[in-house]
Amino acid sequence: MGILRLSHVEVRCPDLELSTAYYTEVMGLIETAVEDEAVYLKGWDEQQHHSLILRYAPTYGVERVGFKVQHAEDLDELTSAIEGYGIATKRFAAGELGPGSGETVRFVAPSGHTIELVHGMEQIGNALPLHNPPPEPQGLSGMHPPRIDHVFLMCEDVDEITRFYTEVLGFRLTEQIVADDGHQLATFLERTHTAHDIAFIVGPDAAFHHVAYWVDDWNDLRRSADIAAYHGVRIDAGPTRHGATRGWGLYFFDPAGNRNEVYTGGYWADPDREPITWTEAQMGRAVFYYEGVVDQNFLTVHS
Amino acid sequence: MGILRLSHVEVRCPDLELSTAYYTEVMGLIETAVEDEAVYLKGWDEQQHHSLILRYAPTYGVERVGFKVQHAEDLDELTSAIEGYGIATKRFAAGELGPGSGETVRFVAPSGHTIELVHGMEQIGNALPLHNPPPEPQGLSGMHPPRIDHVFLMCEDVDEITRFYTEVLGFRLTEQIVADDGHQLATFLERTHTAHDIAFIVGPDAAFHHVAYWVDDWNDLRRSADIAAYHGVRIDAGPTRHGATRGWGLYFFDPAGNRNEVYTGGYWADPDREPITWTEAQMGRAVFYYEGVVDQNFLTVHS
Amino acid sequence: MGILRLSHVEVRCPDLELSTAYYTEVMGLIETAVEDEAVYLKGWDEQQHHSLILRYAPTYGVERVGFKVQHAEDLDELTSAIEGYGIATKRFAAGELGPGSGETVRFVAPSGHTIELVHGMEQIGNALPLHNPPPEPQGLSGMHPPRIDHVFLMCEDVDEITRFYTEVLGFRLTEQIVADDGHQLATFLERTHTAHDIAFIVGPDAAFHHVAYWVDDWNDLRRSADIAAYHGVRIDAGPTRHGATRGWGLYFFDPAGNRNEVYTGGYWADPDREPITWTEAQMGRAVFYYEGVVDQNFLTVHS
Amino acid sequence: MGILRLSHVEVRCPDLELSTAYYTEVMGLIETAVEDEAVYLKGWDEQQHHSLILRYAPTYGVERVGFKVQHAEDLDELTSAIEGYGIATKRFAAGELGPGSGETVRFVAPSGHTIELVHGMEQIGNALPLHNPPPEPQGLSGMHPPRIDHVFLMCEDVDEITRFYTEVLGFRLTEQIVADDGHQLATFLERTHTAHDIAFIVGPDAAFHHVAYWVDDWNDLRRSADIAAYHGVRIDAGPTRHGATRGWGLYFFDPAGNRNEVYTGGYWADPDREPITWTEAQMGRAVFYYEGVVDQNFLTVHS
């Protein structure tokens, strides 16, 4: 009940054609709809209409982040909770927000990001038959991750946004990086019993750090790095391991400058599991377990 | 709300000492308690007191299967549903069923298996610190899977037990193998949004097919096979891929004759995803995607 | 000096078109020449004109096995040694034996197989530039192994053929399976300091067991098995580990019935390394380390 | 005939005890002999007495590099060639240079490094039985690479040292990085038909860049990085891919400051294969294919 998982992320890009070529040929996402100023994409195994929207804009950054709720009534309950917190919401009917869109509640979270809760996005299947399917369709291109995994955002007050996500939206805290003065520098939050569906790190409000797609294993990170390098895509970090989440990831940039990740690993998190805390002194290991230090670019290159 | 995941499986073994040596040294589970006639074990990353109980008995087989519920109230709601279906239940207080046990509702499902629903099993941690943990403790032995994944049982009427698990216990059907006459030969059921937490295949009532622990990737299946072979453990099948669930697995036997699996892969399953159907003619591929045929042993060796 | 490595294998097939489709699309070899009754193929990273020849014939089996020598003079020295052993040889000029062929010495070994020693086969490159190459060309299909690895043949007298290969051709014995009566059941022989370039197992003279192409790792065996299963290719065994050679392999059949393997792993073997001996009782583990038994098909399905 | 492969590397370290702990527990090499001022180590699968010598010295760096020759006569032939080039050599009897040492020819190469050619180093086995061996001994620690792979040295005149290694010592050039002015910036040289047994990069004469041990696959690089990070070992770069050699590697430092690598992948190189050339502009990709740039540390941190 409540939020099921991360549904979609909308990113800005000044050159839609170039970004579409990158996301379909290098990332290997599936294009599902095109509008004048937007392109809709999904991971090959996703049943839903889209998990990524490219939106024409003069610069890069994140426009919206959407979460899927399981039941139609969840929209009402969550609306009450959000408005009870003092935040206005707006409701959209299915289809009103573009191709495939479901019934949607939209609001601006305390971090400055526009958030959507959606029920009933159009289901379009994963290109495999429902009878005797092979494990993967033929003819996929590039990295071709099966599905979206998590989004990483920035904001000034991580303590506050963490309270909002846990108390109002029902997320659970799995890990946190805590400054010596007691403030949260980064928090990892989940609804899927994985290490994170969304995370926040200290930075400017409304800023975007990265969107991550799932790949199946460490070998796929190598394959993804080969593909990125072959196409001249700038790799930011990895393949490496994260201390926080225990996962493995590869970071790189889309043509607009939005950071992407392909990610795998992590763990199952029961709701009654204690959160893990990383101290400020160990922030390097929390982010890049092998290198032990966080490159300044990693914290400052964002929208 | 409702059942969160598979919690524990209790298997029978005539030689507790031998089986304990196997499960701790070859499988690499962690021993957490010993009684006269039972040994309690868990995967290293599990926070709960146990996920496997070895119970002294003259032969092999499954004694009980337990599911974890998220909230204490779930026990009441599920009890009502089960009794409404005409099945008697019995309630046990925390601790009453042995070391670490939580508050428990026990009943016999239509498949003949004894099922437990549990809330509040003792949490004992995963041996990693809650501050700045490394990704894995040192000194693990054998295959050392982090956690239990699923259980596979047999019964005569798969259609009926599938109805019971979906309508009464709230499971969702992800995949099924359907006979030419329309009956279900096997069904895969989930609560964790994975391909399966429990599955049933046609066979004698109350019979056990296997219990599976999760490992992180295809490479761990190879490592596990090396370990099994080194210790002279009989490997039943694999490393191979399953058509159903798309996962990869390795089957082998404990000293008592209980089949074990280490499993990885699979997919995320939204609750509104359509089930996949395998036809009887393709049952071979559904079970063993590479070989394309099911060895008779695989269907007949059980308790 | 002497034989450098396995150069090429020529197999028989009654349907050249079908076999070509299989070897290019499923195995992913590169077609380099076509004649009326023969098709020439190579692994993508091979510089030489071909490593596999498909030869029209009413049934399956091996027609010829070729080894590459490093220097032109090696042909003369090896000719002397072979003729000194009492075996007639025949010399062919470069190009005389078909497209790309080098200067060749041909003879029939005591095992009944036609063997060729070749120098100067045409070099045609690996499709990568010689300046700033990426690690792999784009657009490869199927399993696309980079190169041939070894060939496995059958004959009645393994002791004799092993003596011939070591004393006359300069191979070194790395491993052997020895019967309780002291005869060799199988021997593994190398010139490349790997675990084997050619191996023999007891069976009918002139019979073919399999030809193996190298793939880079265990993950490629999984990928290869997925590809084989997708195309309905019959998988004979694996992915599994061999006790002898320590390598990992996947066995499957071409449309004519010739057994193929994709293989990886193994070890470096110094020339002064002692051979490893497997006893008859452990032959199962020597061949299939995980299963511990050799399926009768594996020994009897051959040409 | 001639040089067979890299045999051993002797590195300097000011704290023998600390370095020994690192090389045995983190790298997982096997200690085979201890002297007052030297410790002898080998990869677990090596038959020879040692492939690494730790030599007490006030600072880090490389003391000697040794190559194994196949035949005793190779020592005489290579001595003639070296002295013909105008370099003095010194001969040592087996055992004279310390535990396990074979008959040795020592000289100072034009790069300023002390080089040894050795025949008949003591063979001590790999701890596996010669009958029915498992694929790996039990109880290995740390990364436990099976064997040494290559050594990477620095010198001022890479053109000259490359001529010396190819024309005098019989190495073959597989790859080179060439400056815009036509000078060689780095060269990769082999005797084992792999991408390199030794390589040179422009830098101070007699300087050491790294010694690399082989691991079996990309997954072992991850495992090695986990081990390095766990023990607080400073990781310099990787897991990453090299453009030159196509291999994958992980760089890190021993306690004295000597750079180590664990390496896998690469290719088979026939002696008649054309060398690959990297331009100065693509030097970044040649060294770090994913990152595309060479960190200055990588070129300047050396002994």
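Just so it is clear, A, B, C and D label the chains in written order, and each chain counts residues from 1 on its own.
Keep this in mind: a contact is a pair of C-beta atoms (placed from the backbone, for glycine too) under 8 Å apart; a residue touches a chain by one contact, two chains touch by 3 or more.
Computed from a prediction, not measured in an experiment: that's the story for all the values here.
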Chain pair with more C-beta contacts, B-C versus A-B: A-B
Angle, in degrees to the nearest 5, of the Cα rotation that carries chain A onto chain C: 180
Type of chain A:chain D copy interface by residue overlap (half), same or different: same
Far-end chain from chain D, centres as C-alpha averages: B
Averaged-CA centre spacing for the pair chain C and chain A, given as whole angstrom: 48
Averaged-CA centre spacing for the pair chain C and chain B, given as whole angstrom: 43
Rounded Å distance between chain A and chain B, as computed from the means of their C-alpha atoms: 31
Contacts with two or more other chains, residues of chain C listed in rising order: 135, 217-219, 226, 229, 241, 285, 289
Residue ranges of chain D touching chain C (in the complex, touch as defined): 1, 4-5, 45, 47-48, 68, 70, 123, 130-133, 135, 146-147, 192-193, 214, 216-219, 241, 243, 246, 265, 267-268, 270-279, 282, 285-286, 289
Contact set on chain B toward chain C in their complex: 218-219, 222, 225-226, 228-229, 234-235, 239-241, 248, 285, 289-292
Sites on chain D touched by chain B in the complex: 134-136, 138, 217, 219, 226, 229-230
